[in-house]
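The data blocks that follow each hold one structure.
Both complexes shown next keep chain A, but they swap its partner, so chain B is in the first and chain C is in the second.
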Partner chain A sequence: MRDNRIQNILRVNLSTGKTRLESIPEAWTAKYLGCRGIHSRLLFNEVPPGADPFGPDNVLYIGTGPLEGTPIGMGRLSVACKSPRGTVAEGSCGGFFGPELRRAGIDYLAIQGKADRPVYLWIHDQKSEIRDARHLWGRKINETDALLREELSDPDVQFRYIGPAGENLVHSSPIFGNRDNSGGRAGCGAVMGSKRLKAIAVRGSGGIRVADYEGFLKAYQHFRQRVGVGTSRDVWTPIWGAYGAPVIVRVFNDQGGIMTRNAQEMRWDEEKCNRISAEPYLEKYVTRAKACFCCPLPACKKQHEIRSGPFQGFRGGNLWAAIPSVFGPLLDNDDLELILVMAGMCNQFGLDVFHVAYTLAWAMECFEKGILTRADTDGLELRFGCPDKEGVLDLIRKIAMREGFGDLLARGCNEAAKMIGRGSEKFALVIKGQELEAIAQRNSYMVALGVAVSEVGPDHTRWYPPHPGHPGLLKNEDLSRLGVQLDLSKAAQGRNPEEKGKVLRWFTISRAIVESLPSCVFLVRDTLGFDLHPWHELFQTATGIRLDYSEFIRAGERVMNLDRAFLVREGFRRTDDQPPYRMATEDVPYFGFPKLDKPLFDRMLDDYYQANGWSLKTSIPRRHKLEELGLTDVVQDLEKRGMEVEP
Partner chain B sequence: MKRIQVIEDLCNGCRLCQTFCSSLRTGVFNPDDPQTGIRILKMPGEEQDIPLVQCNGVCIRPIAGDDQPTCVELCPTGALVYGNLDWVQARRLELEAARKMHGLFKVLAPWKWPFPWVKSKKGAGRVEEGGIAR
Partner chain C sequence: MIRLKLRYLAHVSMVTGILQEIYETQASSLKALLAELDQRYQGFKNMFVSSEGGELNLNAMIFYQPPGKNPTPAIDLNSPLEHNATLTFW
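Presenting the complex of A and B:
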C-alpha cells in the first residue's frame, strides 16, 4: 500500500547493470508536487551542464506523481532528459503505464549509463531485471508491443518503448506506449535509444491509498462536475469530448490559423478543409473510442481503421487536432486516408509527427523553389499536395531508418536547412532547433509568445489552452480573488500585445501544477485555467499534506523557474526565445495580420520576463525571485558557473 | 430484476468503473482487488479494455442515491447501464438507430447527452423513426 507523501525512485545504471531503490526527500512532495516538478529538480541536480545528450551522463527520467493511480492521475506520465538540442526535454503522455508503475511500488525511474547491447527493463512489484532485447531491436512499435506481450504473457503488463527512429537517434523522436500514445517529443526516444534501452515493461499488484477518502470522493465529484461533457460550462468541452479535437481545423481555418504550404499562406480551401475534418473521420474511419486511464471524457481519443481503397486494413488511433493540421494543410494534402497512414507510420516507426511534417513541408518548399532537385531527393517528386503518395510514405520510412535522403531529414528541419543553405533557413519553421506545432502564431500573440519562450522548444501543452476561457464565465474581480492580477478584456484579444506576458506566466505556472500532480492538461477548461482549487483540494485529500493555496501555486512557479535555470545553464538566452524567421518577417496574406516584428515581440518578451522576475537582458531568473521561491542553491549554482544573476 | 449491463461498443476502456469500485470498500484504489465485482477483458492484439460486471447493482457506496450504482453514475460514456432487461434492450436499439443517423453515436450514448449544440428538430439524441421513441 502506498503512502502518497513519500515518493521513491528506482535508479537503473545500464552500464553496470545495477539497480537501486531510493526515497525522494519527503519535503519535495510539498515543494515540487511530483511528476514534471520532481523531474525538473532532478534534471537540474543531476545532469551537469554541457553533458553529451547521447552520452552516459544524460539521465532519462520516467515518472508519475502523488495522484497517479487514483482516477485523477489520468495515466499521465512524465518523461524527461536533456534534449539532443541542449534544452530541457520533458513531455507528458497518457495511457496506462503510470498507474501500473505506481502500483508496482515505484514512482520514478532514472535510467543512467549506457548498455553494451540492446536491453529492456522488466519491473514487477519493486523487483527489476535488465533483460536482453536483441530480438526486439529494429522492430516497429506495434511489433514490439505484440512480441513483448507474448513474451511476458500477462495482458495487464504495461509498456513504454521506442521505435526504429529512437534506435537510430532520429532528432526529436518520442517514447511510445499503448501503441498510439507518445510523450517527450523533444528527443526523449532518441536518448532512450542512445542508452540501448528498447522498452520498459511494468506490472504491479499494489493499491493506492488516499489519505482522506471521504474528502477525496467529494473533491472528485466536484471535479467531474467541472470537466464533464454534460456539465462543464465551457463550450469547447462537449465538442472536444465527443467529436474529438480535429473539428478545430475548420475553426482555425476561418480565423487565419491554418499554416498552409509550409505557412506560406494561412488559409486553406474550405472544401479541402471539410474533407479532413472530424465529421468524415468519425463517420468513415472511427471504430471505437479508447481512453486513457480513468479519463472523464467519453471520446477524446479514438481508434480507426481504413476499410477500403489502397490502404485497406490500416489501423491506428489517437488522431488529435494537430495531426490533420500538419499532415493536411501544411503539405496541402486533402486525402484524409493518406493523413491517417502517415500518422500511423510515424507511430509505428517511433517518429514525432511534427518533426516529420515540418521537415517534409520545408523540403517540399525547397523542391518547388529549386533548392532541392530530384537528384537530392532520391528521385522523388516532392511537391505540395503529395502527388506521389507511395514516395512520401517511403520517405517517412527512410527518415526513421536514416536511409538516403531520409538521413538529411532525420536531422530535423533546423540542421537540414543549415546543411542545405541557399536561403532555405528562412523557411525552416523552428524555435530552439525544434519544429513548430500546429497552432498558428500571427493571429494569436499568446501562442506566439508561448511557443517562443517554452523551455522545451515549441510545446503548446505547457500553457494549453491558448485562450483565457470563455469571457462570460470570468470577471476581473473573480480573478483578483484568485490572486491573478490582469485585465481579461485585453488578455482575450488575440492580436493585442498587452497583458500577454502576464497571462502566459499564469498559464505556464498553473499547467506546471496540473502536470506535476499529475493530471491531464487537456481538461483545463471552464474557469479551471485560473481556478486551481479543485486540484488543490484533490492534492490535499490524496496526500494528507496541508498546503496553502498560495504555496500550491508557488510550487508551479518553482518548477517553471527550475526549467528556466536549466535552460540558461545550457547557454540559452533571450535571443533564443524568438519566433521563426518567417513569422517575424512576413505578414499573413489575405487576413492582413502583421508580422511579429522585433519591437512588437520585444514588448511582449519584456512583459513576460518582468512578470516572472527574470532578467530582461538575458532571461536568467533574478536572485530575489529564486530566493523567494527557496531556490538559493540554484542561485549559487548559476553564480559558481560565472553567470550573471541580477539582484 | 435490475442488473448492471455493459454495452461493449460504447465502452472506451478507461477502467474507471473497476478502479473506483475497488476503492469503495477499503479506500484503496487497486483494480486487482479480488473483492471487486468488475474484471477487465482484454482482447489479444487490440487496445481494448471491456469490463465484465458481476454485481447485483446494490452498491456498497452509492454516491448518487440508492437507485444508481457508483460505477454506472461515474461511467463517462454511458457504456454501463443499470436497469431491467426491457430497459436495456430499448437502450441498445436506441443506440443502433442513432448510429445510423450520426457518426457521433459510435462513441456516445444518445440517452446520456441531449446535445446543447444540436438545434434541428431531428436532433441527434431524439430517435423517433423505427418505433424507438424515448
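Presenting the complex of A and C:
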C-alpha cells in the first residue's frame, strides 16, 4: 500500500540502460503538491538552460501525484519536458496509465539520455526493463497497442506510446495512450521519439491508501455533489453529461467564436455548423462511452464508427470539443465523416490535431492567395472545403512521415511561413511558435490574454473557463470570503479589458493546483475554479499533510512561477506573450468586435504581470514574489545567468 | 405576432426532437415564450426555470440575440422579445 505523503521517481537513463528508484524530498508534497507541480520543479532543476530539446540533456517526465489512484485522480497523468520550440512542454491527459503506475509503486518517471536503438520500457511492480522495440518502430498507434498487448499477454497493462510522427520528430507530436488519448502537444512525443523510446508499459498489483479514509470519503461525497449531473449548478454539466464537448461548436458560432477559413471570418454557415455538431455525431456514429478512471461525467469521451459510405468501417474515439471546430470551420469542411477520419488519422500517426489543422488552414489560405500552387503541394488542389478528401488525408500521412510537401507542414505553420515568406507569416496563427487551439480571442479578452501568456504556448486548459461563470452563480462578497478580490460585473464582460488580468491569475493558480493533485480540469465546474476548499480537503485527507488553505493556494502560485522562470530562462519575454498578427490587426467581420491592438493588449498584460508580481518590462518574476514563495534558489539561478530580477 | 428563430442544443434537442425552428408567437416576454414552449415540448420550462422560486436555473443558459446585434445571456425572464430575434437554449 502506498503512502501519499512521500512520492518517488524512477530514473531511466537510456544512454546507459540503467534505472534507479529515488524518493522525492518529503517537503515537496506540501510545496508543489504533485504531478504538474513536481514536474515544474524537476524541469527547472534538471534541464539545463539552452539544452537541445532533442538532445540527451532534455528530460522527459511522466508522472502522477498523491491523489492519483483514488477516485479524485480521474486517471490524470502529466507529461513534461522542454519543448522543441523552447517553451515548457507540459500537458495532462486521462485514461488509466496514471493509476496503474501508482499501483506499480511509482509516481514519476524521468527519462534521460538517448537509446542507441528503438526501445520500450516495461514496468511491473517497481521492476523495470528496457526492451528492444525495433519491431514496433514505424508502427502506428493502434498497431503498437495491439502488438504490445499481444506481447505482454495481459489485458490490464497500460501504455503510453508515440506514433510515426513522434519518431520523425514532428515538433508538436504528443504522447498517446488507450489508442486515442493524447497529452503533451507541445512536442512531448517528439522528445520521446528523439530518445528512441517507442512506448512505456506498466502493470501494478499494489494499492493506494488514503491517510484519513472517513474524512476523504466525506470530502469526495461533497465534491460529487458539486459536479454531479443532477446537482451541479454549472451550465456545462448537463451538456457534458449527455453529449460531450463538441456541442459547443454551435454555441461558439453564435458568439463570434468560430475561426472560419483560417480565422478570416468568425461566423460559419449555420447549417454547416449543425451538420458537424455533437447532436448528429451522437445520433449517427457513437457506439459507446469510454470514460477515464473513475470519471463521474463519462460523456466527455466516446467511441465511434462510420457505418456506411466511403469511410465505412472507420473506427475511432475521443472526439473532444476542439476537433470538429478546427477540422470543420477552420477548413470550411462540413463533412463530419471526413472530420472523424482526419482526427482518427492524427491519432493513428501520433500527430497533434491543432498542428495539422492550423497548418492545413494556413496552407489553404496560401493556396487561395496564390502564394502556394500545385507545384508546391505535390499536385494537390489544397482548397478550403477540402474538395479533394483523399488528397487531404494523404497529406496528413505525409506530415507524419515527413514526405514531400508534408515535410514543410511537419515543421508547423510558424516555421513553414518563415520558409515560404511572401506575407504568409501574417496569417500563421501561432503564439510562441505553436499553433492556436479552437477557442477564439477577439470575442473574449480572457481567452486572448490566457493563450498569449501561457508558458506552454496556447493552451486553454491552463486557466479555462473564459468567464467567472453563470451571471447568477457568484457574488463579489462570495469571492471576498474566498480571498479573491475582483469586480465580477467587469470580469464577466467578455470584451472589457478590466479585471481580466486578475481573473486569469486566479484561474491559472487554481488550475495549477488541480493539475498537481492531480484531478481532471474538465471537472472544475460550478464555482470550483474559485473555491478550492473541496480540493484542499481532499488533499489533506488523502496525504495526512495539514496545510493552511492559504499555503495550499500558494503551492499553485509557486508552480505557476516556476513555469514562468523556466520560460524566461530560455529567453522568452513580454514580447512573446502576444496574440497572433491577424488577431492584433484585423477586426472581426460580421460581429464587429475590434482587433486586439497594442494599447488594449498592453493594458491587460500590465494588469496580469502586476497581479502576479512580475516585471512589467520583461515578464520575469520579481525578487519579492519569488522570495515570498520560498523560491530564493530561483532568484539566485536567474541572477547567476545575468538576468535582471527586479526587486 | 412576432417571428423568432429558436435553436436547441444538446440535451434540449432531446426534448424538442429538432435542432432549430422558426417560431411565430404572440408571447411578448421570455417568461411567456417559455410557457408556450412548455405546452409544445413537455418539460421544457423546467429545464430553464426553477419550479420553487420561478427564477432562471443556474445550470442552464438562454442566449438572446436581437436582430442585427450580438447575443447575450438572458438574465431576466420579463425581458421583452423582438421580432426576428434568435434564442439559443442550452
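Convention: the second predicted complex is superposed on the first by the 646 of 647 C-alpha atoms of A that agree within 3 Å, B and C clash if a C-alpha of one lies under 4 Å from a C-alpha of the other, contacts with A are read in each partner's own complex, and residues count from 1 in each chain.
Simple rule for what comes next: a contact is a pair of C-beta atoms (placed from the backbone, for glycine too) under 8 Å apart; a residue touches a chain by one contact, two chains touch by 3 or more.
Small disclaimer: the values here were computed from a predicted structure and weren't measured.
In the superposition on chain A, A:153 makes contact with neither chain B nor chain C. Of the two partner chains placed around the shared chain by superposition, chain C is the only one that A:254 touches, whereas chain B remains out of contact.
Within the superposed three-chain model, A:207 lies in touch with chain B and out of touch with chain C [touch as defined at top].
Within the superposed three-chain model, A:242 lies in touch with chain B and with chain C [touch as defined at top]. Contact comparison for chain A: of chain B and chain C, B touches the greater number of residues.
Once the two complexes are overlaid on the shared chain, A:550 sits clear of chain B and of chain C alike.
By the document's definition of touching, neither partner reaches A:308: not chain B, not chain C. Of the two partner chains placed by the overlay, chain B and chain C both lie in contact with A:279.
Within the superposed three-chain model, A:292 lies in touch with chain B and out of touch with chain C [touch as defined at top].
In the superposition on chain A, the residues of chain A contacted by chain B and by chain C overlap at 235, 238-239, 242-243, 279. Touching chain A in their complex are the following residues of chain B: 9, 11-16, 19-20, 22-23, 26-30, 32-33, 40, 42, 44-45, 47-48, 63, 74, 76-78, 103-104, 106-108, 112-113, 115-117.
Within the complex formed with chain B, the residues of chain A that make contact are 1, 69-71, 96, 99, 103, 146, 149, 155-156, 178-180, 205-210, 213, 217, 221, 224, 228-230, 235, 238-239, 242-243, 279, 282-284, 286-299, 301-303, 317.
Across the interface of their complex, chain A is touched by residues 7, 9-11, 13-14, 19-20, 55-56, 58-61, 63, 65, 70-71, 73, 75, 86, 88, 90 of chain C.
If you check the complex, the residues on chain A that touch chain C are 232-235, 237-239, 241-243, 247, 250-251, 254-256, 270, 274, 277-279, 470-473, 591-592.
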